[in-house]
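In the two complexes below, subunit A is the common chain; its partner is subunit B in one and subunit C in the other.
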Partner chain A sequence: MENTATQIINSLYDQCIADFEVRSNTAEPEALTALRQKGFQNFKKAGFPSNKVEDWKYVNLTPFLKESFATATEEELVEVPESVIKNAAIPHLDVWTIVLVNGVFRKDLSDTVNQEGVFVLPILEAASRPAFQKHFGTYTDLAKNHFAAVNTALFRDGLFIEIKNNAIVEKPIHVLHINTANEPLFLQPRSLYVVGVSANGSIIESFVNAGANANVFVNNVAEIFVAENANLHHYYIQAGSEKNRYVHHTEVYQQQNSVYNNYKASFPGTSLLRNNLNIALDGENVESHLYGLYLSGGHQLVDNHTIVDHRKPHCQSNELYKGVMKDESTGVFNGKIFVRKDAQKTNAFQQNNNLMLGRKAVVDSKPQLEIFADDVKCSHGSTVGQFNADALFYLKSRGIGEEKARALLVHAFAFDVTEKIPLAEVQDHINHLIEEGLKA
Partner chain B sequence: MSTDLDILKDVSTEEYKYGFTTDIEMEIAPVGLNEDIVRYISQKKNEPEWMLEYRLKALRHFLKLEMPTWQNFELPPIDFQAISYYAAPKKQVKLNSLDEVDPELLATFEKLGIPLSEQKLLSGVAVDAVFDSVSVATTFKEKLKEVGVIFCSFSDAVREHPELVQKYLGSVVPYTDNIFSALNAAVVSDGSFVYIPKGVRCPMELSTYFRINAQNTGQFERTLIIADEGSYVSYLEGCTAPMRDENQLHAAVVELIAMENAEIKYSTVQNWYPGDKDGKGGIYNFVTKRGICKGDNSKISWTQVETGSSITWKYPSVILKGDNSTGEFYSVALTKNKQIADTGTKMYHIGKNTRSRIISKGISAGEGQNSYRGLVQIGNSAENARNFTQCDSLLIGDQCGAHTFPYIESKNNSSMIEHEATTSKIGEDQIFYLNQRGIDTEKAVALIVNGYAKEVLNQLPMEFAVEAQKLLAISLEGSVG
Partner chain C sequence: MLSIKNLKASVDDKEILKGLDLEVKAGEVHAIMGPNGSGKSTLASVLAGKDNYEVTGGQVTFDGKDLMDMSPEDRARAGLFLAFQYPVEIPGVSNINFLKTAMNEVRAYNNLPPIEAKEFLRMMKEKQKLVEFDSALANRSLNEGFSGGEKKRNEIFQLAMLEPKLSILDETDSGLDIDALRIVSRGVNKLRSGKNAFILITHYQRLLEYIVPDYVHVLYNGQIVKSGTKELALELEEKGYDWLKESAPAASFH
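Now for the complex of A and B:
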């Protein structure tokens, strides 16, 4: 049995290898070709991770990779019903909407960003820009990240955003990821966001349920560079259909005095959702905040991995991830905090709370600290539990129905995360999605 | 400031004060590990056929295994074929009086508050006849016999109580568990065996220490403790006094079995040779310890104070199988110089209403590395399981490291799990407060560390707790702020 499973994955592996041989004929800048080669060599050696790889201990990829995937859609521009884009909009929020369909930047569906110092381009069109050449592929460790390696070797579409020095982005950039296909599809979109010195901006990314007919496996890699004194608010709103599988790798590199805040909310749908969020605090006085909320349902598997790497002194990081597991879903959390020798006076905090609603739900939590400096304040906490019976009784005794009372308590549980979201419209939108997610 | 730095340098490089060698004539098996050696050991020990079979099975399994790579330290290569697996002391060199003992050692005993007669025993001085025959130990033995407690060496148990040993040996830690448990099963040197009959509350703390003629249990120790229904036993392993040992690799296995309503309390104080300041020559302490709460309402409690060994690598665990059973783990691990400790626990919740509590306190000084690695697993049958975990790390000096790897896995939505961990250094204000009250920095550090470890030390039997407290202070001697 296991043998056949391995063989199935092997066939996708072979397909990726074959794809690369074809791709290597495309003319690209030399540096990019070399990087792709590096990614390819790493992937060729490591393949797709099995459960024996510590970082993939709780995820069995075999059932998700066993289909015969196509690696690109045949038609150039996939039709997307207007309603999908409309539904994904955040009510009352004025944004620039950028639409990516199966990883392809669709100018025909997107707004034009007409602000000086702000550039939004398809990733390969940016290949000649200095910001691309300087930062692309610089921060992701290809030897340790199987999926990032194969993405580097094979990506052909994606998004490039550059916010020039001192630019303050007037309104949030809302990126819609729409994935849909009639045949099983294995996608490798790639993005790079460069935020210049003293620049400031908000990027909201929504993963949208587009009602796909076939399974779409998305292996997304995003790299983010935040320069000195810059400030980036970054949102992930992840709601896909059961046909979607996401592996989303985000690599953030911060320079001194910068702030990077990540707000992540995921909802039932996507049958496999794996987020890797790695942040390197490589400068003094850096601040990073990571807020995560995951509501899972059905047989969903949600896996959030984060790495906060304190490399320099006087930095501060704060991480709060809260999970609500319904039905037979599985919630995995793995948070790593590294404090390097130089990183004295670090202040790092990490917390993961889980609310298990489903009788057959599973929670795996692994908060991790690795500390090599002494003058630090680091702590982490993790809890797993269920509704407080007293609280539920209290609400019911005041005439609030069981379902409503439970919803109230979930909202209260999620509040620690949702209250941190600076944009009120996004906050409302997420609260609405929580309500929907609880009903489903 | 400069004095602080000097002191810091002192602690970090302080050498093990207690290492010394004695020339003992030994009967030693040739180096290497193969079936013949195992047969030789078994024959030397006069073992029944089934024990030999067990050893051979374990050996065959061992030969198929490879060294693990997941640990959070660099494991020096170990050549299993370069070790001699059997050494029986022929006779011990006896000193005539305490005057001949290294005064340094005596000073340490003094600090630890070890009684004179015990000091003699520990330092290898010929103990006078009175002490030997009518000693406390002998009285203890008789008392134990009266209530039906079996407390003997593992080898004796194999010969005299084969039905018990056969039934329980390897039932909690099978030889297939890991490479060191396989090695241990193949080449067991000796160890302890305890059986507490139904309803008996063991009248005293059992300690290897009082087991006559058991000073040399060798490097592959095996301990098996069975507490029958409704019984209670408290067992002490090791002692605060420095342990001298020429063997570098120690791979012991401890198995605990608690039946219905039984309780086992297992305490360890480990102070083996940690190696010189470059970490050379210290002992590798790789131990597999696991207990099973087999019956309902049973309880197993592990307490450990680890200050010695160059590498300490162990995870005393509890399988909570019986309903309403309880598992506890209390640990203090101190590392300095280049010492490494990778320790923690595993709690497997299987029965309903099972509870576990984990308190781990790591202290790293010098270039010491301290890791807590733990697993709390709630199975889907474990209704209303409850866990509380706290692991704190204290860092002394900027060259050391503290790491936490907790795994929390829950498959039951009625369970409640809490985990928290902190890492910090000793507060300057705390030191200052004590300084201004006339307590020097070294004593202040010892005081603060003791306060920090109190929650664990309190779990130790009384006399032991006092000694352990002093041991921590001594280990940190010359310490810092």
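Now for the complex of A and C:
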């Protein structure tokens, strides 16, 4: 990653470098200090990615990063209106709610998870736990991921979840990431979720904005370890306002016979949304499902980059991303599938479909397959299309008005993804957000 | 109920309806026959309001209102129904959700409150029975993977649910097996009343044995070239259309 944009985004870069000097005085476990040092060196060399970096070709970060940011809020406990938490709740779904405000775990606003074998902690409080020491920073390539590097160097807050071997989490853990700021804020929360052998759980993450008065840039990094025979359902529900910019890096590492399901839904609002979702299938008989739905509007830029890395034989990956593009929004889908030499009998499927509603909306869809094994089944496809005029007319000819007819067809388009969501309440919630997003 | 006067319509600058007249009164059943490509489906589409057809002349009134001035959805809400020759498949839209939405839009137009869930279910059951429409199909996505005959039956099921004033059936009989034809016809006959009317577009006399029309018209080259009673259908079955083509005004004379 020799290309850099440090020159353009000097001030934030300098600030991060300076922050690190200050931070290095904080006492932390040795291994963590070493990892931060590694992240720092990588970031120092590479800076923030410019358009010259292949993976950032379509995203010009300069306007988003050139502000004069604070990197933390002054108050210890930022106040959040109760309505924000209420509105982010998923109706009728019984969950443990965990609230993070500007990345800070808020015990005062969160439920206590009182199940044996399930641990939910602020990330730095977990630093001495064996699961943290074993898995933290183990799977993310800091030399290739600019944002993960700077996050590793500087993160202060975030979430640690551990589901011990054989534990079946009784109800979903709903993590509310709320951000709010009165001055431009650059946040770098970090999470690590460790799912033990034969453990099973659902983690739902909602990203919402509590009426920020200033721009908030979130550089969020999450690492997920899914042990042998474990099963994790992992949801991202992304809302936000024009003042929000998000870069999510999600690094998933799976061992044999495990199943990881990622459901990603994003809605109009955030000016910039970049999702990196990397999944390593590093054991036999692994199953990974990636379902994405992006409904974008306004001048939003929504960029989904995924890497599915088949390292061992007899694994299955299944990826379906659907985009509904309104107004003048821009979408990017880049899906890489690697099938390594050892990964015989791989079954890899990838599909990206886009429904263009705005005449000025654009989408760039790029599947990339690199296959080094010979006995594999891989397929990929991508489409960009408009409303089917005959279908629209059919609905109208039964008395259904233009707006409702369009909404029905959008729901129908999204259905292949929404129907995959195993929790009916989450499905309803997302369908409701689609309706709201269409009106917005 | 429906009054069409000198209707002209074209698609891609090609004139297809070339001055068509038709009067349909409440309680009547009209059959329209005619060779392939004569403009029967075009007439149905123009009446339903499909936007790739340009109406270049004439008038159409429906219950006294200028039909051509209304949006397709308003035409439907006002009581016009077209059973399509080729119903589209819409995966992901559930039949039931679709029907409920449609019914409520029609009701809202007529200043009625949304239908109650219980009443809706009762009606579903009743109408499913009427046209022997399998409830497994009713629960599926709209027409997705339906056989040709199942799609046609779904059209009639929708018709029964929406209770329109004027129904246009575009070759609903084509592709139906003999039992389905009997069932669909029986359904239509039960729905017939002094208040509604039907236009049956068909190629086959057979349908008209089940649903006996008051009038039979022959559409040829964009015009009604002959009208009569049900005996005309028998005559057409026997003689074909050639004898009418000779007497029809040729397109070039216009």
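Observations
By definition in this document, the second predicted complex is superposed on the first by the 432 of 440 C-alpha atoms of A that agree within 3 Å, B and C clash if a C-alpha of one lies under 4 Å from a C-alpha of the other, contacts with A are read in each partner's own complex, and residues count from 1 in each chain.
The criterion applied here is as follows: a contact is a pair of C-beta atoms (placed from the backbone, for glycine too) under 8 Å apart; a residue touches a chain by one contact, two chains touch by 3 or more.
Computed from a prediction, not measured in an experiment: that's the story for all the values here.
When the two structures are aligned on the shared chain, A:113 is found in touch with neither subunit B nor subunit C. In the superposition on chain A, A:78 makes contact with neither subunit B nor subunit C. Greater residue coverage of subunit A by touch, when subunit B is weighed against subunit C, goes to B. Of the two partner chains placed by superposition, only subunit B is touched by A:381; subunit C is not. Looking at the shared chain after the overlay, A:368 reaches subunit B, while subunit C stays out of its contact range. Of the two partner chains placed by the overlay, neither subunit B nor subunit C lies in contact with A:214. Contact with subunit C, but none with subunit B, is seen for A:411 once the two complexes are overlaid on the shared chain.
Residues of subunit C that touch subunit A in their complex: 48-51, 71-73, 75-77, 81-82, 84, 87-88, 90-93, 97-98, 101-103, 105-106, 109, 141, 158, 162.
By the touch rule above, subunit A contacts subunit B in their complex via residues 54, 325, 341, 344, 354, 356-386. By the touch criterion stated above, subunit A contacts subunit C in their complex at residues 388, 390-391, 393-402, 404-405, 408-409, 411-416.
Residues 70, 378, 380, 393, 395-398, 400-425 of subunit B are the ones touching subunit A in the complex.
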